[in-house]
Every structure is written in structure tokens, then in C-alpha cells.
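Next up, some structures in C-alpha cells.
Here chain A shows up in two complexes: once beside chain B, once beside chain C.
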Partner chain A sequence: MRTPLSGETGRHELVLMAFLAAELLLFSFTGRRFATAENGFEILRVSVEFGLLALVMTPVILTGGIDLSAGSLLGLCAIVLGKLWRDAGLDPGWASALALAAGAAGGLLNGVLIARLKLPPLIVTLGSFSLFRGLAEAITQGVDNFTGFPDSFLLLGQGYILGAIPAQVPIFLAVAAGLWLLVHRTPFGRSLRALGYSPEGARFAGLPVGRNLILVYVLSGAGAGLAAIIYVAHLGQAKADAGTGYELLAITAVVLGGASIFGGKGSVHGTLLGLAALAVLKNGIALSDRPSEWVGMATGALLLAVLSGEAMLKKMSARVPRSPTRDSTSMPSGSP
Partner chain B sequence: MRMLCAGVFLLWICGCSRESATSKKTAPSDGGSASGSMTLAMMPKSKGNAYFISCRKGAEEAAQELGVKLLWDGPTEPDPAKQNEVVETWITRGVDALAVAVENRGGLSTALRKAKARGIPIVTWDSDADPDSRLFLVNQATPQGIGQTLMDEAARILGSQGEFAIITASLTAANMNEWRREIEAHRQARYPGIKMAALRPCDDLKDKAFAEATAILNAHPQVKLLMAICSPAVPGASEAVKQSGRQDVKVVGLGLPNDNKRYVKEGITPAVILWNTADLGYLSVYAAIAAAKGSLKAGATRFQAGRLGELEVRGDQILLGKPFVFTRENIDQFDF
Partner chain C sequence: MKSLPPNPWPWREGSVVVILLLSLGWLGLAAPSFFKPAALWPWLTSVAPVLLIATGMFFVIVGRQIDISVGSQFAWCSVLAGEAASAGWPWPGILASALLAGLALGALNGLLVAGFKLPSIVVTLATMVTLRESLRAWREGEFVRDLPDSFQWFGLGQSLGQCWVIAAALLLWMILWIASVRLSVFRWVYAVGSNAEAARLAGLRPARITFGLFAFMGLLTGLAATLNAVRFTDVDPKTGAGLELQAIAAVVVGGVSISGGRGRLWGVLAGVLLLACLPSALVFLKWPPHWEKAIQGLIILTAVAAEGVHRARSRGRED
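So, the complex of A and B:
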């Protein structure tokens, strides 16, 4: 646990880094102005919203859960922000704080249903996926679009610090660092892995399983709220379709980062690597003047390639008799 | 592991220096200022929409004539967030001109302002952004052009005497009311023998237009022409006339060719009015490239656009000219 870059995780990240290196190499030849510091920041800037969702999705997936409602909750929080600002006349700062609270409340709903009523996360968040998006559409009747936010608020998503660093990037890095410490350096983080490996075991070990599960979903909801604030400041608008499909991108980044969808395995730095691989791919394709449809194809191909690459390495290392299997602790990995 | 990290990082740095070396050589031009190697980035509201596909044909034609590289990209479905992302990538990539059909003003205008600040000339087409964020709007049709063409077609069908009725979307929609004023002004000036017998709203619904048209035919048997000025009303009114069996009543309207092909061929609807979408794409490319070359500047009053000849520039709008009339003879050439 002290050396996160070891064993199975290490191997996965090796494969992923090789792919990322290949992407960087390829696109610095095919893409115009791809390998520039400016573009590096641009990649970060446009990835912050779904990146935040991916970060907070990581602990959820560590517990063996999933949060399909993240993208919808982003949409709902964006509408809450817009509505409170425009129609209730609140200051954008207060409206943002309440949007964040709305996100946490949405997460709390998921968490309580999952932890207290023991409903499967997939089903609960499938329900709230529709519920949150539906609420956002109901509030706006599907047509209302909040725009015209004051410049001071838009700075959060459009401004640059020292003329180069996008304003939202430090927020993203702070969340990433905080979450890394939480997941990899605290008893709470360890309990999530234990929970993912074996909920019953964790319960018998005296861990506050229910409470921690709820916290994980509240965190995920608050992350969606924060992503919503940045989304609105970035685009200068809040509409009910905000964040559609972001949850799947976030889950892709987490899984690409080496997390097991069955829980117990995964890391925040893995997710960051997964995010980088996805974001660079998207940006590189665009800068190589390829139509955006290619991104979907390439994303899918990348995920499958990284997963099969890792599976093949695993097979190969299992064939070498002398190397002790370091993966003996891994979960039964639902392989076909 | 460390080695690989370092390797990836080194690669990035190498790319950066390579790129900055080459970009210094070509600086300050963004994509080569000679028109032969100019790059124009053009965005529809959605790539999947047949309307925009037909605009693209004209755009490709113009790009070929001018010898410029045309990048055509945008969301598959109307999506302001995606539009924003694509424009941001184009800003990073560096293009010589931008032509954008704006899905949502609030969402895109800020990104366009950023492009403008980088010195990229911008025209909007099909639908506008905030006027301060672009140089020109390529306006496909003025209210005057629409109103006059509708009334001229009505007079062509009715002769100089007779009564007609208008089916509109709603009695409050600003654009519809403007068209109605133009229709009325043109009628008074040119066709005093023709009378408007009724004006009914259809709420932009085809069923409602069908019901209203049937009601008009019953209440005003002397009405010989239905003029439908919102696109769902044209097929709605045509179907009503068809089912009534009245051979002496015709329909004209503002609508899409595919919706109305059947009725145009059956002779119920002799004329459907819109603009030539290929010409719209063609003109947008010409305007954007002329702006990039500096031959089209703010304050111009005329603009020479290839095969379209000399067109009027009114303020900051380039006018495509009179609307296009789809008839039995030409409607098969259009598919949208």
C-alpha cells in the first residue's frame, strides 16, 4: 500500500504510459501546434469538467460501486446555479455554493439508497441518472438557457493566471492532490479498498461501511457540483443538457487508469493517466484535422487495446515459473 | 517506471522545441498567408442535419475555387458545449478564418471573442453570435426578401384578384410578425386586388396547422390560397387541402423541400420558399476568405462572391439575396 506504483498496478500503468507516449509521439508529427505549452494547458482546460467527474468516480469504483448519475447531476447543478442567479437574484458566488450543495445532496440521495437500503449502485444511479436530468429539464421546460453571467464569474472558466495558466487548472490540481491523499494516505482510503474487495469482510473488521459508502457518493455528487460551476463559467451558459454523456467518459478514464469495475483495485494517479490518455487523444485528433467522429472510435479502441495489452502481459508473466505472482491478492477478475 | 515517466516527459519537451523552432520560421502567419495555403475552419450547427449537409456542398465548391483548405467540423447533434470545444481547438491549431453557424449565442460568443483577439477573422452564417464577437453575418434572408417573395408567389398563383389566408406559428413570434408586416406592405403596394381573409396560429405544429387549414377552408370558401409561414404549417396545410378534395385551393409557404416534395409534385403546393443552402455555404466561404485576405472590411457595401456575382452588404451583414423558390421543376435537386 505504501508503494502505489508496484505490482499489478505498476504494470497497468506501464502499458498505459506506453500508449500515452505513442499518442504524444504520433500527434507531435501529425498535429499542428500539438506539442506546445499552450496546447498542453488547453488540453487540461477542456478536460477539467469530465476530469473532476473521473476523479470523484475513482473512490466510487474502488468500493465496487458506480455512479451513472454524475453527468445528469452536473446538468442539474448547472441549472440550479443559473436559476438561483437569474431568477432568485443571488450573487453568482452564493448560487455556486448552493449548486455545490445541491450536488452533495444528490450524492447523498444515491449514497443513502445504496448504503442503507442495500440497493445495487448500478440500479440506484440509473434511476437518479434519469431523475436528475429530468429535474433539470423540468426546471427549464427543456428550452430555458441561462446566459449573461457577470465577467467576474466567467473568469473562473475563461480566465488565465499570469496570462498562461487557465484559472480552473489549479482547482483541478488541488482536487486531484486532495483526493490522492484521501485515497492513498488515510485509513478512510484504505477502508474503501477493503470495502471493494469484500464488503462483508470490511464489516466484520469493524469498518463503518455504511457511513463510508454514503460519504463516497456525497463526494461524487459534490464533484459533479464543482464540475457544474466550472462548466457554466467555461461556456457562459447553463442548459439542461449540460454534461450529457460525461459519466461514461469519466468511467472510461477510471477503468483505463487500471481500476477494477468489481472494486478493490484502482488509484487516483491511474485515473489521471487515463484522463491524460483520453484528453490527448481527443485534442490530437482535432489538431491533426480529423473529424470529431474519430474520437469516439479511437477512445473505444484505446480502452480495448490497453486492457488487452495488460491481459497479455499478465498471461506472459504467469508463464514464467520463477517470478512469484504478485497478483495473488487480486479479485477474481470476471474474465470471460 | 521512472525511466518511462522521464521518457514521456522528454518526448513532450522535444516536441515543444521542434514545434517552436518551426513556428518561429513561419511566424507570424498562422497557416501561411498566401491564399493558396489558407485554412478556413467552418462549423455547422450539427453535421448530421441534411440542411447543413447541403450547405457543405456549396462550401466545398467555393473552397475548391479559391484553393483553400476547408476544415468542416462540429457536433453530430446540436450541442453548444461541443461547438465551443471545436472552436477552442481551432484557435490552438491556428486557422486563417472561421465561419460558424451558432447554435447558442451565450455559449459561443466568448470563444469567438477569444479567436477575434488572436486576430482570426470570423463570419457567422445561418444564425448569428453577439455582433461584437464577429466581423460579418452572412444573412441568408431578410424579412423583406421573405415577405416580398411570398407575396409575389401568391399573386402569381391567384392572379391579380382573390383572397388568401395566412397560417403562422404564433401571433407573438417576432420574426413571423415581421414577415407578416412585409407581406402586407408588399400587398398594399403591388397587389391591391388581393385580400387577406384570415390569420390563424398553429403553434408550430403540423397537426394544428392541418386543423386550422381545414377550418379556414370551411369558414372562408372564397379563400383560394393558403400561405403557411412556419415550416410545419406548409405540409399541414397541404394535407388539409388534399383531404378536402378542393382542386381550386393552392398552398405556398416557407419550408423545407423534403417536407413538401409530395405536395409540390401533386400540384397542391406550387411554390415552397427558402434559400439556396448550397449558395449559403458558398457565400460564407467567400466572405470568410475575403475577410482573411483583407479585401472585405467593415464598412464595405458591396461584395463580389464568385458565381453569385456582386452582393449587397448592409451594415455588418452580407445578404445572400432573394429567397429561392422550390417548384415542381427544381425540387428534386434538393435533399434536405
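So, the complex of A and C:
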């Protein structure tokens, strides 16, 4: 089923694609060895971790929620993995599985508080943002750093498949494909959008609102766990500050991708485009020998420019009397 | 009728005050040196800027908005105040540069949120990153040094300077507390936070009030940055990181509803003090200090969960 908003989201994605093309063109002039296949894979490799967070953040934002704790949970899961492997003597595979479970459990905590006690996601995940990072710091006493993982485990984050493709890229693509199917091709995915538009309406329509909300946050937590495993394998170490600020990058990617922070509107492919725009910006600025501060400034400015540009377009099109054909694709009045 | 209607649920703020008093009492028994002037005054001085930020955040949240860029604004205001001082400006000039910087940055947020009708969480997320990184690009980690002697503690010496910092923050908080109950301007904030559409139909202008909230937040941030900067011999451009979370946490613990329209400013003072005594308590009780963030998170979650349970119960009674 196509979403009722396909007309509007389509326009947004075209703008984003044009911006991405402009970025690629600009950086292939200014950047050293920017337009090479190796660099393309390098961009993919370094963006998998926050990319995974952005992917699982998409359904959360679709429901009108937010998960500020994602980066902290990544840090906690990385520490759980390191601790279980080094101090409990577990095999890295089992330690990874338990780190993934820890992520899901963290997400479950968020989900239960949000869905069962009907608390605002912003403030619940702000609390767990502190709690998860704090637990990671408490476990490591602020100084412990887990390193020396076996090569077979590091292969997941540093190895190559077929000689060129970074090993984590197929995992990322599999998650992206799975999530796209879940969000855009299943009744569960459609219910998220309904929930974002109007939680009361979704409840009256007989949708299992509470259960689906909890599932969305568990999914987000498990995504953070998976990102933590790849993060540790990629960098070869697990510290309590792993993933600091990643939740903001992830939210930025989702919003750039055309999702409404109020819920009900957004798509997985949009998030992927937003991610690509961010990742290329980061890499291109570094290869153009510009200081890393430019990345943050450009990201913030880009986010504001896209949002205010859209707001102005909406204002202008609201002044023009609408033709009946355009009315059928516009937002229902009364939604946020 | 000028003042706010009576608080429908005073126990929410009251319970925070009780918990605060219990913790302070327990701290007094377990670590009496916490209340010695040598420890108490520096602690209160470090809390004063947080109280001002949390006060601004209180109005923003009551007005159903949020501002997560205050930490970055704080850093900009601190550095500009420091630069003004090291350039030899007199005190009114230093204060004016910090206040104007804060006002301008807050007004920028207000313009984007109220003028363009953008969600405040996204706008302030973007300005947080942009402001922080642009300051980093300018300073490249360099501190503002060579501050004149007249800058630290306003040139009054440590003990008198500490008194001034604490008194200024407390006095302003008290004035705003009384104003928030008595003045109709602040009642409009509650009205817009409860239901912006109803407020508009009642003849208020929600966009202007929202703009004012962010500008006021910036102004208070500028003042807080100045009060914080006088505590040190130089200004760190990385200052204020995480301040937004501290302020939001204090406001929420103080009983303010994150969905707007509900809360009292006196609860915020209790929330600020409760969260701020935590690190000191850990030090004095010889607990590992690394538990601070985890316990802070637990306090926030407990506070919001208490609100959720209360709401669920009162809903049950209505049915």
C-alpha cells in the first residue's frame, strides 16, 4: 500500500538527491582521492554504526517518539560485550549475543515506561540516556578499556568480503532491507504511521498500540546493541564513551530524510538518503583538508536550511488556492 | 484575578522538597563536613548558574517547548564575556556583551521555532551542534587567558564574590517565582503551554510568547555564563557541555510536566539542589564517583514514573 503522503515525500527525496549530487560533484573537485571506489567503501564502513542507529530510529520517530538513549545504550552494550569477553571468559560470539540482548532489554525498559505509564518519550529516554551511560561508566570505573579482541572477531569490523567490500556493509544492507519491508510492507509498519498521526485514533481502530510501541523501542535497543558489536569490532576497543553523540547524528539523518518529528510521516529510504548526505559531507570535508568542526556546522546549517525551506514552501503553497487534485494528497487538516 | 489558580497537585513538588531535606539531613549525619562553610559556599556557588539555566528552562517547558542548545549558548556567552574582560572593558560592558549574545542566540531559536513553526527539539538540536562547532572552529580549544584581576569574583575576593554570585542567582529566582505566580505575562505562558489553540482563540498571540520564551532563556543563559565565568582565572571554550540535560532533568524532577502547562518554580529550586548534591554526596560518603550519572538517570526516571503512576490513578478515579 502506498502511503497517503507519497506525493509530498517524493518531492522531499528529490531535493535531497539533488543535494547529494551537488555534494558529490563539489567534493570530487575539492577532495583528494574522493571519487574512488575505495573511498566509497570507506564512507560506508565509518557510517555503519550511526547508520544502524538512524535506521532503527526511523520507526521510533514514525510513532511520534524519539530515542535519545541510543548512543548511551551503544556505549553500555559495548562495555557489556568487553566485560563478558575479558572478565567472564565468554567466547566473543556469546558475548556479542548477550550484548545484543542487553540492548533489547534497555529498549524494553524505555518501551514499557513510554507505553504502559504513558510517559513522554523525550523525557524517558533523557533519563535512560543518563542511566545507560552512567552504568557503562560505573562498570568500567571510568577508566577501564577493553582491547585485544581475537582477530576472528575483529574481522567483522575490519575485514573485507570479496577483497573490497567491508564486512559490516552486508549486515547494514540486510538490516536496511528488513526494516524497509517491516515499515513499508507490513500491517505492523502501517500501524506505526497511524499511531504517529493519532494515538487515540489508532486505539479506537483496534490496533495494539501499547504492544507495538514497546516493540518499536525494543527494536531500537537491539539496533544499538548490533551497532555496539560492529563498533567494537571496527575500533578494536570498548570504552565507556563509545557512541557519544551518535543519537543526535541518527536523529539528524532521520529528519533530513523527510520524517516529521511529530510522527506519522517518514520512510526508511528517506533515512538512507539523509544518512548518505551526512556521511558524504563528513568524508568530503575531511578529504578537502577542512577542519572537522566544519562537519558539525554544516550538518546543523543543513538541517535548519532543509526545515525552514520546507516551512516556507508550505506557507507559499498555502497562499495559492489549491486545485482539487492537489487537495487529495495534502495532509489532513488538524494533524500536527 | 491576577494570580495562578491553586496548584492541583502540590504533593508532587512537596515530595521533592521532602526528599531533598531527607538527603541533606542524611548527608549532615553521614558527612558533617559537607555543611562546613569551606565546602558549602563553593558548592552553592557552582549551583547558582545551573539554577538560572533551569529557571529559564522551566518557562520554556511550561510553554510546551524545549531548548537543548543552552549548553552551547552558555559556552559562547562565557567566551565573549571573557574576551570583553581581557580587552579591558569595564563591568557593564562585559555583562552587556554576555547578555546581548545570549539574547541574540535565544532570539534566533525563537525566530526559527515561532516564525517558521518548526519543532523546537529539532531547531535547538541543530543550533546546539552549529554553535558548539563554530566556537570550536574559532577557538581551536584555546582558553581565554590574561583576565584582569577585576574579573575574577568581580574583583571582590573569593568569599565576598561567592556571596554575590549566590545572592544574585537566588534573588533573581525569587523575583521570577513571585512574578510567575502574580504577573499575567507568565500566566499566558501556562495558557499557551496547556493549549496553544485555545490561547489563540482567547486573544493571546502564542507565536510571540514562544519567541519571548526562547529570547528570555538566552538572556538568562548569558547571565548564568557570566556568574559562572567569574569563578575561574580563565574561560574554557568547552564549558557548558551537558548543561541542557542537567537543567531539563532538574526541571522534570522539580515536578514540571514535560507536556507543558503544569509546574511551579519553587519545585525547580528543589530539583536543582537535589541533583546537584548528588556528586558531593558520593564524594563525602566515599562511594565510587562513577555512579553519579547512573543515579542521576534513575532519579529522573523515578520522577517521571511517579507522575505517570499518579496520572494513571487519577484517571482511574474519574472513570
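Note that the second predicted complex is superposed on the first by the 304 of 336 C-alpha atoms of A that agree within 3 Å, B and C clash if a C-alpha of one lies under 4 Å from a C-alpha of the other, contacts with A are read in each partner's own complex, and residues count from 1 in each chain.
Heads up, the rule we're going with is that a contact is a pair of C-beta atoms (placed from the backbone, for glycine too) under 8 Å apart; a residue touches a chain by one contact, two chains touch by 3 or more.
Predicted model, so just to flag it, every value in this text is computed and none were measured.
Now for A:Lys118: first (chain B), second (chain C), both, or neither, which partner does it touch?
second
Classify the contacts of A:Glu293 with the two partner chains as first (chain B alone), second (chain C alone), both, or neither.
both
Can A:Leu154 be said to touch chain B (first), chain C (second), both, or neither?
First partner only, chain B.
Based on the superposed arrangement, let me know which partner A:Gly127 touches: chain B (first), chain C (second), both, or neither?
Only chain C is touched by A:Gly127; chain B is not.
Classify the contacts of A:Gly10 with the two partner chains as first (chain B alone), second (chain C alone), both, or neither.
Touch status of A:Gly10: first partner only.
Between chain B (first) and chain C (second), which, if any, makes contact with A:Leu25: first, second, both or neither?
After superposition on chain A, A:Leu25 lies in contact with chain B alone.
Counting contacts the way the document defines them, which residues of chain A are shared by the two interfaces, the one with chain B and the one with chain C?
291, 293
Where on chain A is chain C touching in the complex?
66, 113, 117-120, 122-124, 126-135, 137-138, 140-142, 248, 251-252, 255, 261-262, 291, 293-297, 299-301, 303-304, 307-308, 311-312
Looking at the complex, which residues from chain C come into contact with chain A?
Residues of chain C touching chain A: 66, 112, 116-119, 121-123, 125-134, 136-137, 245, 248-249, 252, 258-259, 288-298, 300-301, 304-305, 307-309, 311-312.
Of all residues in chain B, which touch chain A in the complex?
So the residues of chain B touching chain A come out as 1, 4-5, 7-8, 11-12, 14-16, 18-20, 23, 31, 47, 71-76, 79-82, 84-86, 88-89, 92-94, 104-107, 109-110, 114.
Touching chain B in the complex: which residues of chain A?
5, 10, 13-14, 17-18, 20-21, 24-25, 28, 31-40, 42, 45-46, 145, 147-148, 154, 158, 231, 234-237, 239, 241-242, 244, 283, 286-287, 289, 291-293
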